[in-house]
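Below: the structure, in structure tokens.
Per-chain numbering from 1; labels A, B and C assigned in written order.
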Amino acid sequence: MSLFARATLVLALAFLYAPILVLVAYSFNASKLVTVWGGVSTRWYGVLFADGPLIAAALVSLKVALLSAAIASVLGTLAALALDRHGRFVGRGAYTGLLYAPMVMPEVITGLSLLLLFVGIGLERGVATLVIAHATFATGFVAVVVGARLKGFDRTLEEAAADLGATPARVFTGITLPLIAPSVAAGFLLAFTLSLDDLVIASFVSGPGATTLPMRLYSQVRLGVSPEINAASTLMIATVGLVVLAASWLTARRGRGA
Amino acid sequence: MRPTVARTLGRGLVRGLPLLWLALFFLVPFAVTLKISFSSPATAQPPYLPVLDWQGGLEGWREFLEALDFQNYQMIASDALYRDAALSSLAYAGLATAILVLLGTPTAYAMARAPARLQPTLVALVIVPFWTSFLIRVYAWIAILKPEGLLNAALLKLGLVSAPLAILDTPYGVLIGLAYAYLPFMVLPLYAVMSRLDPALREAAADLGAGRARVFLTVTLPLALPGLAAGALLCFIPMVGEFIIPDLLGGPDTLMLGRVLWSEFFSNRDWPLASAVAVLLLVLVVGPVVLFREAELRREEAAEGMGKGATGKGVGTGGGR
Amino acid sequence: MHAPLPPPAAPLLRLAQVTKRFAAHTAVDAVSLDLASGEFVCLLGPSGCGKSTLLRLLAGFETPDSGTIHLDGADLTALPPHRRPVNMMFQSYALFPHLSVAGNVGYGLKGLGLSRAALQERVGGLLQLVRLDGFAARKPETLSGGQRQRVALARALAREPRLLLLDEPLSALDRALREETQGELRAIQRRLGTSFVVVTHDPAEAMALADRVGVMERGRLVQVGPARTLYERPASRFVAGLLGDVNLIEGRLGPAVPGAVRSVETALGPIRAGGEGEAGAAVVVAIRPERLGIGGEGGSDATELSGTLAEATFLGDRLRYRVTMADGTVLRASAPLPITGPAPSVGAAVTVAIPAESARILPA
């Protein structure tokens, strides 16, 4: 690798990680002021765990993320299968458009219009509306992840199974599904984190009693930098880091074994 | 295989279920938004008029339609606030996209040229920040950019500036935030295309006398253009409607449509006007969205073409052990 | 060599006027073919000739636009793949990567109502058949190319199909392994008595394996017969060229005479050759290089022509000659080594003998 390439990578990664490292470092700062280093302390983690509303919000977020990711995984996988398997059906262009558009659509539009629909049909705002909204914009992401796997899928494996007497249902459950399962799991994780992360859409469609973690954090962030938020952020980053590490460890092990 | 009843039914279900969901929760809401953008605000529940009386039959429909008007759009057209917000949204998104192209192209290229065993790690390193909270990553910049923040502290200590720079709550803060938050979206599609380019193409160009810069400009970059287009649009479209970044890093004077919509809705409780702003925003991004889909389709086709060559290679290496 | 079987009275497989089109392209064009029980047939042709599509029609992955496919008298034409008593070995082998060798081989046996023990026994027997005992628990990715090929064969044989379809079964193996595997495949086929249909683009493979070879050209089955018949009495220039090197000399067919041998007027003079046709028709005389006699040992009914030896190449087991004739035509000949008598030297005038019984008259 040339020196230029090396320097580029180092700078790009520094740019991506510097803010995160700053957050983590300051979550252990004993002082309440950002510019003053008051020594290492875990006091903000104590404050965090005593913050009832924040923990309640985290639980709401978790619930919404699990449910919406489950729905998005089913819908996204079906959509990916339809696009991969059904050839050039009528309306295919519109179908892909409808699938991809929610991924890039500005969140304020998606959030506002969903809210107006929910109000229009008289659906009470809360966890249910949050789940519907998040499932809607995550479906496309799942479809993209699963679709990429289906593209590299060796269709003769399915033909071989059918040739050996497996019914279409058995081909799907015994061959297709196990082989695309890692991508469905990846899609689920993506949908899950997208839901956990969403502030804008949630602010529109949620109702009283269904405050999500980002909504709660946002209301505090607006008041300025706070060490407690730094601690909460560090915990979230650590969780994601552990999940990513575990996932890569699992893939590495699977690659080595067998 | 011949279509059977069960098969047709299965196909219909596979295709229809996602379609039904997206139509109901993505398309219908737009229609509702469009309708409400022609309504008037009211101190009622819901806070707009008219409300269609479903029991009113034809007469109800007539009254409903007569009560609709263009006043929100007249407001948007006459008040400079909205025009300025639209223009500056496009300007911010356009400028940030240009910055991202300049930052993302060398990064993706360096990743694609890195040793093969390092590449999965590099991709993971670019993706990991994306998996952590967007809100929190933007919030982290406040501590760095504010006048008494880390960046200014470092600059003052190094003697590069004599007084703290004002970056937070200025357009620079917004641009830094946009470039930071969207960098993975630019790098990943570009890397995907660049890493699949046959290295023999670069070698052939070098063999024919092209220097490194010429190889990059005449071979790598043109072939990576589909990835560049996809990445640029993938960043540009959501940036036009961005809310969190201008809200946290831009200060009260930063005008962007996402923010205007937010304050019309949450502060002024003017749902019809917020809807009209949403329609305006939609009009701004619908062109790029269509372009994005085209770029994606072309990228897929390109990937398929390259994929076939790769499969041929795979058969040859898949054998022994 | 194995003796060709006589055409059976009641065929195991009967293809009648099977046609398959993809958009404007006719991949399989009115193919009719009968196959006897226990017969080994190779479909031979260049890529894109429709042989693989024909195999996929037999397996049920494609449905013909017209024509019928009968197996043992039962109509298969509209039956989906999983309900056909026909199995296929895929060119890529299509081994299920998430299942073990035993899981792959036993896949087709699930749902047949076998007990666990019986299933294991059958899988064990199949693995023994392909000499892979002890590999049952391995994953396909840990096997060599030859081992994968044998797993694929065992898996395809597990359901004891009446007919086994093999799509380029040996193409992924290297040459030495390929020849060894040809013999093995042939032995397994004879032992089980299963009918095999093999698709290949390699004429040597088709000749080595098959009781009968069917040559396909642009969707049509142009000639079917024992390899030897196709090699020695091809029906067209295409078949002649596909099965091996051949000299083609253009000319006009002379008048009909009693007997099988006719005279053809060519630029090299009249040549006597076997075949039929209308007097005056444009034809070619096809003669294999190894049947050309260099130095005038043509036998009783041979056309003798003179030319100049332009090149003699040593190929280990034979010599290859290029002879330039009076009009500039170049003929290729070969002679097995060691040759008896003095070898002609390059540049010398030589006599080229074309034996009438080896020369075929084909449509131009």
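Note that a contact is a pair of C-beta atoms (placed from the backbone, for glycine too) under 8 Å apart; a residue touches a chain by one contact, two chains touch by 3 or more.
This one's a predicted model, so the numbers in the text were calculated from it and none came from an experiment.
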Worksheet item: How short can a path of touching chains from subunit A to subunit B be, counted in steps?
Response: 1
Discussion item. If you tally contacting C-beta pairs for every chain pair, which pair wins?
Written reply: A-B
Worksheet, complete the sentence: Relative to subunit A, largest Cα-centroid distance belongs to chain C
Item to complete: Return the distance between the CA-based centres of subunit A and subunit B, expressed in whole Å.
Response: 16
Item to complete: Starting from the mean Cα coordinates of subunit B and subunit C, work out the distance between those two points in Å.
Response: 58
Worksheet entry | Contacts with 2+ other chains: residues of subunit A | 168
Worksheet entry | Residues of subunit B whose C-beta touches two or more other chains | none
Worksheet, complete the sentence: Residues in subunit C with touches to at least two other chains are numbered 60-61, 80-81, 92, 142
Worksheet item: Hey, which residues of subunit B end up touching subunit A in the complex?
Response: 7, 10-11, 13-15, 17-19, 21-23, 25-30, 32-33, 36, 46, 103, 106-107, 109-111, 113-115, 122, 124-129, 131-137, 139-144, 146, 148-150, 153, 180, 183-184, 187, 233-234, 237-238, 240-244, 248, 257-258, 261-262, 265-266, 271, 274-275, 278, 281-282, 285, 289-290, 292-293, 296-297, 300, 303-304, 307
Worksheet item: Which residues of subunit C touch subunit A in the complex?
Response: 59-61, 80-84, 86-88, 90, 92, 94, 96-98, 107-108, 111-112, 139, 141-142, 155-156, 158-159
Fill in: Parts of subunit A lying in touch with subunit C, wherever the complex brings them together
154, 156-157, 159-168, 170-171, 174-175, 178-179, 258
Discussion item. Considering only the defined contacts, which subunit A positions touch subunit B in the complex?
Written reply: 1-2, 4-6, 8-9, 12-13, 15-20, 22-23, 26, 34-35, 74-76, 78-79, 81-82, 85-86, 89, 95-102, 104-110, 112-114, 116-117, 119-120, 132-133, 135-136, 139, 143, 151-152, 168, 193, 196-197, 199-200, 203-204, 214, 217-218, 221-222, 224-225, 229, 233, 236-237, 240-241, 243-244, 248
